[in-house]
């Protein structure tokens, strides 16, 4: 307590900004290492880029908090309000209908309301590529995935992953087996928690003891449990979801790649667009679906595994990506974005 | 040790339990303290033993003032105490209870079971208090538990002053005689003894001097030669008649019939073993016996709290098989439990609520599922005056009542509703002379209205005073039914399982008793 | 026996005389018949249950004919039921019940592992079960120490959280995982100290304090977690190595289960016996049990009840705090909010199942660990006909059955939860 | 088990009242203020908790903390920063729970409606509603000597029961809504009775069975939401069908503003509290509950059936918790319930019941306090971090539950009847 007094008051972010962008999270909180966190990162990035944008967030602990939180944002006179999570779409719609002059957005949900912008992702596409890589890299011929909860944003990854393995098996005549998800029956292994890292680890250990050597956890922070298990087993590696785990987790050395979902970018772009709209630009309406084509979803670089993945495989991935972009190959999932 | 108390006073809030008490105990003296329930005797002793801190006044040991911060200090000063309410850890063995606080260790705080066992045996041998150091205390009959307490008090490093707070309340006549002898021996060896008892005969028999306390004040110093009546009136502050007036019984039809009643406890012990007993209307049958021979279970079986394994119980000619306690109560079964704190009252409930505890669902106390507090209160007001219950109001919780008054609440409850048969277990245990007098006369009056009464008591005096017929229970069966003028010695022998013909009464009814040998051997192995 | 108790000792019933147990008998008979029906009607005649030693003897695999094994186990269960119905010697009852329950549970296991794609990897499953039983073990042992001295510790969950959080933090600051473990213990100690103080000095309702401590710990660790996120490298995962006991680790089954585990396993097992010894064989234990059972008795013998309670509760925090470190350090995980996921409460149940006895606690914790592990294994193998959620219920359901069916009334220390005022009667 | 008891503590007032000092009102009032009676303890508890909360806020706020680093060269910075922070934070809590000053300004300016003014209060009541029920569920069982740690599971089943009737039947509102509410109560009662039955028949401890059943209920909920019967037809997320319009709890103040969420469940909650009060203190069943709770031996001796008392009490308690579930699935969760809808209301009910000293009136008051804290916390974020709100709740309860602690910290005097504390009884 004996430092020098700063010469002027430390600026409080973009304190005097004219544009207020607000976000209401889904349950799990803003630090959920998953879509809440990514969305918030996008918001902050927008504020970073444009000094005239101020951002604010309110967390929901359950869906019964959506309405009061959205209402609070309206009362706050936010210029742009983003609701994260498909479950919130209806609440966002209601709020948007009641406040037609405010711009809204919904993440992972689809809305037809005029002033609601939908941000969705066809992550089955990136997970498809991840599945293909996994099949090519497995030594034991067994890979595994498990989810946090059986909800569409999770199962779409698992569907894509399964399809990618299937593709590898058909194309290359391999017989790689996937544990933890039966795409046909839409059934698999779920922790029923996004937080219980210890359970995530023990579930992964179980898969490992059943022979899996590549694990694809789709469970936000609980997925870290899979990475620890991989770290403890030399022969076992993992593939991360949502973000490039090489950067966002401490377990880069275990990660072959990640099935990325460009949430932060999409949110950031939408905030910037909303700012433009508010300042005389074109209003943002309609919807956005992140795909391989618009680079809204992608697979992360191989980093440490760059040399392990053969040039052939890389070329095949290249080709598959192109096919998906062309539309000659479609990756299907019951959980794919509702409307385009 | 010479003990002197100067102006010792204890206040609980605004209530003064002990008020300016002066008292001197000379070395080797047996000093009895008498007083009604709630007079402040135990409070005084607890101050001496460091459990309570005096509000004012001084305690002098060998003329030096002392102040105790806890019982540890008192023990170190050479004081041992047998508490009125047992301070035994139930699941502990006798040896563990005795060594608690002064453990026998083999270094590093590791207990030495051998040393602890030996210490108990040494003390019990020295004073003739027979004990099995490995027995679990909660399984022991209360009489034996009392013995454990005494051994505990004597096991201190150098007990020079022994405080005995109602040690005889639960002992058999033979055990009492034995204890009084031990006290005499101890006193002869120089130990000072403070002795509290409600049984005036004992006081006469053993005390060197008697101090009477009433409402926290010393009201009299008496010689032990004083008569019982003198002592009693000093305690109560008015003249008391000690004799119960009783006309001969006029027994009518059978009100309680028990045939071949057998009950096996959870531990696999046959606590009732083919017991037969009949009680008629208009008579009091006294059930004599050493505690722990099945009296408690018999009473509970009659009420229906335990289901007998065999046999049948009929009340008023009606087979009670399948009848719940509530049914039996509704059919006119009155029940005074032996452990009033546990089974008799809910101490957090008011006096009024306790008075309707087994009738709260009947008219007029309940209407359409709601308690009719007016009727409950009226009953309370009536009972309080009829039974002379000393309470500040019907709303006062029973926990604020003295033991004797709590007992009166139970008596009042059972006597204020129609009844055909009454089980009275230890109805005057720990109750002062005045109150027991009252309870006794109510029991006689009850009999005279035609109720059948089963009086379960470990005090032969009480049985002699009230019973029209005496049944002796031993090992879960009735070993004899005798007339009320049978000599004590005969009943005493029956109580320890000897048949009327012989066997000296201190010897346990064990190995030499042919038809018991097997069971005894099992018991010994336990 | 050396001394006669003089008073009549009531006759003991001959324990070999048969007694009928109608309810239990009917239940076991029904369960046994159920297994038999499954064995013959549901399970295919050629179905095999595969048991594999997956760590030591890699190519040893036993294929057991499911129907036959189930039929034997079912018959065993049914026979036990029939025996009870007909009359069984009293002293045999407990043992036979235990055998029947075990047979029933194993028959279900055999059934579950007969589904295609499932293999009972004996070594992995047992080793995992032991490891998973640890949080319950530590939590329940801490509870035992507290409650044996008469203080209810419902705040185990909170102590877990504090331990889990502090363990990682200290490990990060010092760079030493063992320092982290000590840190976790100290954190547990400090949080139970609050319980001890409030429960003894201020005589606050102990259940209330426990509930509050849980809330406080949750709020505090979550808050600090957010603070730490701002600073790099204060909440990174730290791992402890798995100890391998050389050739011992290669013994089939026993090796992987007992001689190839993390230090937490060994500390846990040793602790069970240490606490047991302290509790039943030392002066401290005698006094502790006395204080929990009848504080006034202990007080009257010169034992300072509240001081002993205070220190016991405080020291018990070392155990639950260490249990907290299991969540992070033993699992090589960083801290995350509310990561203990209610296991502290389950530990409380394990303590009661174990009847406040360290050895019982070990048994209870193992049951929990085993069922959790089996449920996870079946769920992961995808061969289960039962939905995953129901498999996850398994440990809870088994505990319910065990408590209701076998343990029955568990008697807490008599003065558990009752504040002691010196001078009380 | 907990009840009001006054413990005569060793340090009684030392005959302090000299009769000659005249009872003057100000003097008496002054005495009252410095005495550890239950009203003042509650007030001081709140004050102390907010004081500690203020310290936490200062520590957690980066900017304010930074002003302390140069405290000695420019202390006024630290002072102003702290003051502003605390005023801002607590104003935010107040505005979220009671009255939003911003809205008040707008109302004065005519840009807001009267209904908008009531929104914070409406939110407080909305969050308090389930807590009234779960608090009663725990409190009632306490009085029978049972620790109902299973309100969470009972609530979950109540939620599902009400939901199923709410969407599966097609009835007019006058029948549909009451029927759905009853279904919730019954489902909760059935689930709540289980630990009671187990205790009565096998002696299994209700705390163990309730903890197990909570976990089972939570997993059962996850599974059942994904079943075709319950799962939403329009959404792919893990959410159930919505209840029919005819089974939705009508909002109480929708006339003023649609956004006022407080609904009829609050009235049912108050009614349930009155019913519980009647049950406990006026009915014969309550007589039995309390008797068994205090002393089961004496109760059995008086002919009361202990086992059935446990079972019935647990069933009634479960029914109350089930009503909490119905309040959720027919009220704020009418659009469909998820695995998060129940939050931790059942566990919070334990704290509420303890804080309300297991008495219906106290429970309602405690639920309102908690509702206010929750509503305030929700709306005050991110100014006040959610975790600080959690800490604040814990500290408030801590002080209220420990009058001796408050007394010691503030050197209050012992009131006449001794300190009112919660009597603790173990397992």
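Should a chain be cited, it is by its letter among A, B, C and D, assigned in written order, with residues numbered from 1 in that chain.
Everything that follows uses one rule, which is that a contact is a pair of C-beta atoms (placed from the backbone, for glycine too) under 8 Å apart; a residue touches a chain by one contact, two chains touch by 3 or more.
Protein identities per chain, from UniProt: B = ABC transporter ATP-binding protein; C, D = ABC transporter permease.
Worth saying up front: this structure is predicted, and the values here are computed from it rather than measured.
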Between A-C and B-D, the pair with more C-beta contacts: A-C
Whole-Å gap separating chain B and chain D (ABC transporter permease), where each centre is the average of the chain's CA atoms: 47
Chain centre separation (chain A, chain B; CA means) in Å: 76
Centre distance in Å when chain A and chain C (ABC transporter permease) are each reduced to the mean of their C-alpha atoms: 38
Where chain C (ABC transporter permease) and chain D (ABC transporter permease) are represented by their mean Cα positions, the distance between them in whole Å: 31
Junction residues of chain D (ABC transporter permease), two or more chains touched: 10, 219, 222, 386
Residues of chain A engaged with two or more neighbouring chains: 29, 192
Chain C (ABC transporter permease): positions in contact with at least two other chains: 226, 389, 392, 423
Pairs of chains satisfying the touch condition: A-C, A-D, B-C, B-D, C-D
Chain D (ABC transporter permease)-touching residues of chain C (ABC transporter permease), taken from the complex the two chains share: 147, 150, 152, 198, 201-209, 211-212, 215-216, 218-220, 222-223, 226-227, 230, 342, 345-346, 348-349, 352-353, 387, 389-390, 392-393, 396-397, 399-400, 403-405, 407-410, 412-413, 415-419, 421, 423
Residues of chain B touching chain D (ABC transporter permease) in the complex: 11-13, 53, 303, 305, 324-326, 328-330, 335, 337, 339, 342-349, 353, 357-358, 360-361, 366, 369-371, 373
Residues of chain D (ABC transporter permease) touching chain C (ABC transporter permease) in the complex: 2, 7, 10, 56, 60, 62, 147, 149, 198, 201-205, 207-209, 211-213, 215-216, 219-220, 222-223, 350-351, 354, 385-391, 393-395, 397-398, 401-402, 404-405, 408, 421-427
Residue numbers on chain A that touch chain D (ABC transporter permease), as the complex places them: 1-6, 10, 12, 27, 29, 56-59, 61-65, 67-69, 71-72, 75, 85-87, 90, 149-152, 192, 334-335
Interfacial residue positions of chain C (ABC transporter permease) with respect to chain A in the complex: 54, 119, 121, 124-125, 128, 131-132, 226, 229, 236-237, 239, 242, 327, 331-334, 336-339, 341, 372-373, 376-377, 379-382, 388-389, 392
